[in-house]
Structure formats: structure tokens, C-alpha cells
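There are two complexes below, and they share chain A, which is joined by chain B in the first and by chain C in the second.
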Partner chain A sequence: MSAVTPLLEGRGVTKRFGGLEAVKAVDFKVMPNEIVGLIGPNGSGKTTLFDCLSRVQAIDEGSVHFQGIDITRLKPHQVAHMGMSRTFQVIRVYRKLTLLENMQVSRQWRGENLWSQMRPSHKDVEERSRDLINFLRLEHLTNEPAGTLSGGQRRLLELGMALMPDPELILLDEAASGINPTLVEEIKDRIKTLNQEQGKAFLVVEHDMHFISDLCNRVYVLNYGEKLAEGTPAEVMENEAVIEAYFGS
Partner chain B sequence: MTVPPNRPPTKSRLVLLVALLVVLAALPIVMTVFPDQTWVTNSRLFSFTQMFMLITLTSNWNLTGGFTGYVDFGHAVFFGIGAYGTGIFMNEAWPFWPSMLAGAVLAAVFALIIGYPTLRLKGPYFSIAMLGMFVAMREIVRVAKPLTGGGVGLTLPPYLNRPLFYYVTFFLAVLVVGIMWWIRRSEFGATLIAIREDEVGAEMRGINTTVNKIAAFVLAGFLTGIVGGLWAYQNTFIDPDGVFFPSRTVELVMMAMLGGLGTVAGPVVGATTIYWMRDVVWANLAEWHLFAEGMLMILIVLYAPQGIMGKLGDRSGTSLLRVWRNPLRRSALEEVPEDEVSV
Partner chain C sequence: MDLFLQALINGVMLGGFYAAMMLGFSVIWGVMGVINLAHGEMIMVGAYLSWLLNEHVGMDPFASLLIVMPVMFIIGYVLQLILINRVVDRPILVSLLVTFGLSIAISNLVNVIFSADPRLTDTALEGAWSVGNVTFPVTKTAIMGVALLIMTSLWLFLQKTRTGKSIRAAAQNKQAARIVGIDINKIYALTFGICIAITGAAGAIISPTQAIFPFMGVPLTLRAFTITALAGLGSIPGALFGGIVLGIVESMIGVYVSGIGTNLAIIASFVLLVVILITRPQGLFGGLRPIEEPVQL
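Entry: the complex of A and B
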């Protein structure tokens, strides 16, 4: 193996909810400039692992490292400042804020003090917000409250919010669900561009295997909270254990 | 933040607002120049002074309860600390202004100390914890007799100058509403609303929710402490039951809800409406006025949870002047669906 430090690494990550072990000692790596998929049947622990890696959930055992730094005890906003952002399976947008404001409050807060927040947004923040809104084809809704958007539009907005702080690693939790196929293709292209031209890494949870196989360099498969398989999309899709987990024996 | 959707002050509305402020500023002058007229009297100036205080208090409460979504049932504790701080320092022969400032600083420091543990609580747990703080502080004041006079209370040097109190409370109300307007349009205001809408999401997106919540809490505590000091000096006497009046916070909640939670103009509209309704109409209902207040609260929650400003279409809460907009001219697009309104 090369000596390159993984961008994100989970070592023996374990999460329990009472007697239920939702994630069982999972080892996990996302290397720089890589797009990694995370798949598994419903209830396999994908989102819980996502939550553990992004510090939404505290882990019971193991450790999580980002850019070589142990982030196991850090707060979510500190992890975000280090360059990790994410979307959520259940969409989280600020319904009473306009699209533009949603984007602006998702910007990079690194090094900002409270006093500097007592003024309207920087011009460059607004420009970046508008660029992303245009990319997502939501420009006609720029000044509408996010609560008036449809489910698909909210999903797009959330993706824009994840891209807004220009992170090193973006965790996408079913980012393409509920979005029309044409736009899904564009999102894939955008992810590839960000990956190839800017070196952004992605960790993607998705049920759409075409989406995964088109994008990802490597795929992890979870089942009942355990890592079932790991490899390229083609290897994983031919794996007997994976087929059994999805379709039964 | 950039100016959100409802582009407000058109020139005519701005003129209307300035005219209203000029008229209010001129009332004490009218009383002096035309002593024979009967509308602007000392008593009426006192009523306006009370109303300005309520506008200020409701706006302060709205910063944590409306913008940030932390419904504070013990906000009057800061009022009490401001009042007692002022009273104690004045009894030590300090002049009024430094005493009032010291009382407000005490309230802010108290907010800072209790903010860290209490703002970790969510929803009703926070509300009840703050109610507990309020009750506990009242009892502390009652037993700390050497400092606070205990149940007997404290007497402050009398200063019966209605126009002065009128102007101070008037400018304080204008200043505080201006601060809230500025906050709502700043990144700080948007982060507070982001916290209200989805605290986990805000934290995940890099917002230090703890610092932002505490900052709002401390600012609200400080400004409410100032009002407490003014109230104490105007009243010339303070005792635990008068200062820590149990329904004071509930009044603020009701006023903010009637006007529109989380809006800039809502507390102004709510406090003004309820104050004059109470003063003019409910005074005639004698002991039934509390029943009427309770009914009003129930009706607001059931039929207008977004308050008057919400009904008038102030979706983002940034417009101070929305109240003058003709609701009939609203486009259908400006309607906020009922299910999108969070209380």
C-alpha cells in the first residue's frame, strides 16, 4: 500500500442503540481524490455509519480520522470546518429561509468570529450561492422560502448546500433520490468534474446501482451492520454474498 | 444576508414610518405647548412608556424564542435582575445611569452563566428549566434580605419626570427594534433561524450553534436588564412579587405570538395590540380580562399560529413595514401554507 494518508478513515467503528448493534467494528477508508460508494439492503447500517463518520452520532468503539487527525471527539461543526460536508437521507433544509439564504448559511465558516457575522453576506459568498443555484436549475426560486419547494427541489438545494463550503470530502446520502433522470445525469457529471478537476472526494450512499457503478472507484457493502464486501463496482456486483444479501439465496 | 423576497420599504411606507416616529416623538412637546388639551396627558404618556417597554421586552424575548426557537418561559428573570441590580446600586448612592447599566450587565452575565447549561436542553425542557430559574431567582431575592430588602423590597430615589421616561423608553424601543431588524438581515440572524429550523443540520454545516445561541441569549438578557432598570426607577419601589411577576413572561410570549414569532415587526404589532386592547377594552371587563387573554391565546394558536405578520404575508420576517401592505393585493405565491408554519 502507498503511504498516502486516507482522507477519511474509520477504524473498528461500532455503534449500538441499546441492545441493537447497528454498526459492527467496520473498517473504512476514503482516499484523496476518490469516489467511494456505500451500499447495502435497507436497515444495513449505511446511514448510521454515515452519521458516525460525520460525528452526528457518537460512536461506542473505534475511531474516526479525517486527514490523519482523530475526529472521534470533535463536534460536528469542527469536522465541517476541517472540510467535510454531507447531505441527509431525510432532507434537512431551512424551510423559513430563502434558497439564497439557505446557501449562504451553508458557506465556509472556518475562522469566522461572531462579530463578523453581524453584517450581510460577502459578495463572493452571494456569487457562489447564485452560481450553485443556477447549476441546480433553481434560479427561478432563488428568493422563495425553501418550505415552498417540492421534495426533489429540496434534495437539489441540499446538494447545493453541501457543495457551498467547498469541502474536501462530501458525503452524499441518497442525493439522487426523487430527482428527474436528466438532472441526475448532470449531477453525476458535476461530481465527476469536481472529482477530476478539483480533486474532491465523495462518499456516496445510493440504492441506484447505475449511479454507483458510473461514479465510484470502490464500493463497500454493509449488511446487518457488518462489512460484507469491498471492491470495484463490478467485483461487488458479482460477489455471491452480496447477491444473496440483496436477493436471498 | 441579502434582502429576502418581500422587498420592503417602498418610499411611501418609509415616509409613513418616519411620520409615525415623528408624531410619537412629538407627544411630550404637545403636552407642554398645549397644556389645555386633554388627549396627551401625563397618564397617557405613562401608558405609552409602558407600551414601549413591552415592545422592547417582546422583541428581546423574540430573539431567543422567535428567531432561535428556544421558547423561554423565564425571560423575566433578566428583567428582575436588571431591576434589582439598578435598585441595589442606587441604594449604594450610585447615579441612575451607571446603576441601570450595571444591572443590565449583571443580567447579561447571568444569561452567560445559565445559557451554557440550559441551551443544551431542547423544547419543553429548556422552557421548564428557564421557568425554574425564574422562580429560583425570585426566592433568592426574597431571602437575600441584606442586599435586596427581602420581601419588604427596595425603595429607589423618586424621579417623577414622565417625558424623560417616555423619551428614554421610546428611543430604547426604536433602538432595539432596529437592532432586531439588523440582526435579521445579517448572517447572524440567518444562522439563528437555521438553528431554529434544524439545529443538527446547522451544526453539520459548520455553524457553532452553542456560541450563536448563547450570544443571542446574552444580548436579549442585557437589553431586558436595561428595561428592568428603567422600570424599577420609574416605579420607585421594587419587591420580589412585583418584579418577578409570574405572568410577565407569558405576556411576552402572547404578544410575540399575536404579532408573529420570529419576525421583526411581530413583537411591535403584538405588544401594541395587546397593550391597548387591555388598556382600553379589557379594563371594562374587570375580573374577566384574564379569561379574555387566555381565550385570545387559544385563538391565536388555533387559527393564526403565524400571527398578524404571518397573516399579512411577511414570510421571512424581515419587513418592518409589512403591516401597512394591503393584504388584498398579495399574490397567491406569497401565501405560506399552514403546514409550513412552525410555532
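Entry: the complex of A and C
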């Protein structure tokens, strides 16, 4: 029986900023159809590791593999074409584009010729955009500029943009931060649906432990750039080293 | 009253040219965060290309757009890939110095090749139409028509095509654009190519009415600054409005202030620039993003 290839795998990922080692030789795996959490106190290196895994930041040592392919030297847009999407801690939507346009530009094709790009959006892209907008319950805002949306609505839009290319893996950086509890529940609900019905895998950075424990199959804990623990949400929450890192001895 | 109307018509026509002339400058700044100080020199190169075709092949400067624009697109595309791309992520001062150096190199190279003798192209679109006591010069009307055509085409391209939307997305958030699979280097090269093609086209259409010489670029770059500040980065309706405002200001001063009118017109445009930057730095039409806001990395 052959072992299942991890969807995303970091091997000895190390990232330095000058003399500061923000991420120290971290090994990391996300298996297909899994929801994995990444937690840790402020400044523990979560977002840096996230940036390294999604190729937004170059790594200094180690390697990153996606679907068994080494992506350590690829550019972010090339990784996106392979089926990895992400959102950002600070929401990044195109404020002057409408909701629909934000979704449309989030669907790009690898190696598409210039002539095809000069045409208006494909019909199927528009259909998929509208379907996702409906799925996120933002249909009443379809033609509004993204700059007019509330913080929570922008979070949902960002999630929609990450889903547009139909990725295998979606990296969510603090998807629930700064939004009201009702919307947090909606986001959680959408993630569960996508995971259970479409088999999408997620890697989630989050401070809210309820969010993590409700969603994730496994959790990694970072502290000072090092992997402190890994296991099910229940296991890591009972781990003494994790409790000490969060609350002190 | 006739004098006023004539000055107004001349100002609007001049403004149409200014709008088309500055669009490339404004879009490059808006999308890439690069202030292209060699912008005026690109207009000059377009004008010389048109002059060459006019002088040696007998091609009308308006017809020469069919050759000038593709050639200028290639120049822009290659220039972006081999030069601008290396400085686009660095502090704005670096790209300012690089494009400043480029402007000096281009103008002096053209000076060596063609000498400083001013040149003009010949066009079949000569003469004038008269409505009452107001005259519409055919050449300037054609310039206005081509300028409007260029602006409409660019607007449709940016609004309707997927590449246009990707360009607008990259202007607003580069990192988010990268992460959804937009190849930023390709988008930048396309943007630069298209903008230089438009800029070269402006040089070609102005060549029958304005003397072409190697150092004609600097005042045009400075006017592009003023109109961009007035219009907002990459705003096409804003460009038309800003161009026409500047054209009318220059035309009115030129007509009503005798003796020093032309020089005062240039001064007026820069007073306008300072006033706008202080009072409304985002421009009157918003555009791709506020002037004071850097491209989000």
C-alpha cells in the first residue's frame, strides 16, 4: 500500500530577518481533505511560516512541496496556478473594483495566450463568480465597489477570491479576526461545507481557539519560530508546554 | 466674444492632445508606482518615428500611427523587461533617477542622430472650417479626434478585458494580485508597452503642428505631472477634464496676456500643480489610487 502524498509539506523551513530567526527548521504537513490549524502566541512566526509556505516570502533553508512537487523556488503566481490559494491577515481586496470584478480577476490561467486575455471574462468565470457570491451570501453587493463593504464582508469576499481558481488547498490567515460572531459562524460554516462536500483542504492561522477546535483535524503550535507541539485540538490544548507558552508558568 | 470663443476652442483642442499625451505617464505611475521622467522623450521618439515615415515614405503622420504604435509598444515592453523591472520594487527615488538618466540619454542620442534642427511633418489634413467667426483648424480637430479615440479604446480595454481588470487589480494591490495567479512582471511589461505606444502616438499626431526637436520632452513631462495631479492616477475621464482645463488656461493666458502670454501659461500650469497637490492630492477623479498612496506590496 503506497503512502498518501501530503498536499503541502514543509521540510526544515527556516526564515531569517537579519539576525532574527523568525522560523526555525519547522517540519509541516497538510494532508488532502484535511483542515489544519496553526496557532501560537503573538510573534511566534505563524504568518511568516504562512508566507514561506505560500511563497510570498523566500525561505533561507529547507524546502516546500505541494502535491509532491518542490515549489521552493517558484513565484507566488506559479504556486497559485498549481492549486494553492490564500488570504491575508490584513484583508487584501481591490477596493475600486466591484465585488464581481474582484472575483473575476481571481481566476487566472497558466500559460494563457495574450489574445485570450484581451477578451472579456469567460462566461463560465462569470457564472462561477456569481455562484460563489451567492454561496457567500453577498449577492446583494455584486456590483458594489469592494471599498464600500464592511470588514466582515471583505473577509467573505477574500475567501471567495481564494476559492475562484478552485484550489486544492486554501490558506486562511486569521479569517475570523475583527468580525462579528455571526459572520464568524458563517465563515466556519462555509469552510466546513467546502471541506466536506468538495474535499477542499485548509490551513488556518487563528487566535480564536474555539474557531480552531471546531474546525481543525490537527493543530500545529509555534512558539519563538519553533514547532512546540502538534496533535488534535484537544491534545494541544492539554499540552503543558502550550499552556505555558500562552499563559506563562 | 469671438476672441474668447476662439481661445476656448483652441484650449479644448490643446487639452484633448494633453489628455492623450499624459495618459501613459499617469497609468504607469498608477499601476507600477514608477514616475517616468523619460515620458516626454517617448513622445519625442514617437514624433521622430512619424517624421521618418513622413520624410522617407511619404506617410501621413495620422496614418503612421499604424506603424508608430506597434514599434513604440515593443520599445516599451522591452524597456520594462530589461530596465524598469529591475527598479520597480525599489524606493521611488531609484526609479526617478533611472528614468531621469534615460530621458537624458534618449534626448542626447536623438540629438546626435538627427541634430537639434526643428522638424515638422506634412499632413493632408490641412485647412480650417469656419463657424461664424470661429475657426476649427482641421489638423487640430483630427488630433482631438484621435486623442478621444485613444482614450476611449484605453478605457474600454481597462474596463472590459480580463487583462485590463488584472492591470487595475495590480495597481491596487500587487501582493493580492500575485497570490491569485497574476504574473505581475507580464502585467507590468504589457502596461508599460501599451502606455509607451499611446505616448508615441501622441508624439506622432502632434508632429504636424509642433516643432520636433530632441529636447522637446521636458515641458511635456512637466505638463503630464500637472494633469495627473488634477485628474488622479490613471483616471481617463479625469485626464480629459484635466487636459482640457490646462489647455484652456494656457490658451486664455496666451490670448489675453500679451507679450509674455506663452511663458505665463507654463507658469500657470505649475501654479495649478502646486495648488492641487496641497488641496486635493488624490486628484479630482480619484483614479486607480491616490497619488500619495504607494503601490501596496
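Just so it is clear, the second predicted complex is superposed on the first by the 244 of 249 C-alpha atoms of A that agree within 3 Å, B and C clash if a C-alpha of one lies under 4 Å from a C-alpha of the other, contacts with A are read in each partner's own complex, and residues count from 1 in each chain.
The rule is short, and it goes like this: a contact is a pair of C-beta atoms (placed from the backbone, for glycine too) under 8 Å apart; a residue touches a chain by one contact, two chains touch by 3 or more.
Keep in mind that what you see is a predicted model, and the values were worked out from it rather than measured.
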Legend entry - Side-by-side fit of chain B and chain C on chain A, or clash: clash
Inset, instruction - Please indicate which partner A:Thr98 is in contact with in the superposed arrangement: first for chain B, second for chain C, both, or neither. - result: first
Inset, instruction - Examine A:Glu126 and indicate which partner it touches, taking first as chain B and second as chain C; both and neither are also allowed. - result: first
Inset, instruction - Go through the superposed model and pick first if A:Pro165 touches only chain B, second if only chain C, both, or neither. - result: both
Inset, instruction - Return first, second, both or neither, reflecting whether A:Thr148 touches chain B, chain C, both chains, or no partner chain. - result: first
Inset, instruction - Scan A:Ser85 for contacts with chain B and chain C and give back first, second, both or neither. - result: both
Inset, instruction - Please indicate which partner A:Glu230 is in contact with in the superposed arrangement: first for chain B, second for chain C, both, or neither. - result: neither
Legend entry - Touched partner set for A:Pro76, first chain B, second chain C, both or neither: both
Inset, instruction - Once the two structures are superposed, pull the chain A residues common to the chain B and chain C interfaces. - result: 54, 56, 75-77, 80-81, 85-86, 88, 92-97, 101, 104-106, 108-110, 114, 117-121, 161, 165
Inset, instruction - Using the touch rule from the top, collect the residues of chain A that touch chain B in their complex. - result: 54, 56, 75-77, 80-81, 85-86, 88, 92-98, 100-101, 104-106, 108-110, 114, 117-121, 126, 143-145, 147-148, 161, 165
Legend entry - chain C residues touching chain A - in the complex, by the definition given at the top: 157, 160-163, 165-166, 168-169, 172-173, 175-184, 286, 288-289, 296
Legend entry - Residue numbers on chain A that touch chain C, as the complex places them: 54, 56, 75-77, 80-81, 85-86, 88, 92-97, 101-102, 104-110, 114, 117-121, 161-162, 164-165
Legend entry - chain A contact footprint on chain B (complex, rising order): 1-2, 4-5, 182-183, 185-188, 190-191, 193-194, 196-198, 200-209, 211-212, 215, 262, 315-317, 336-337, 340, 342
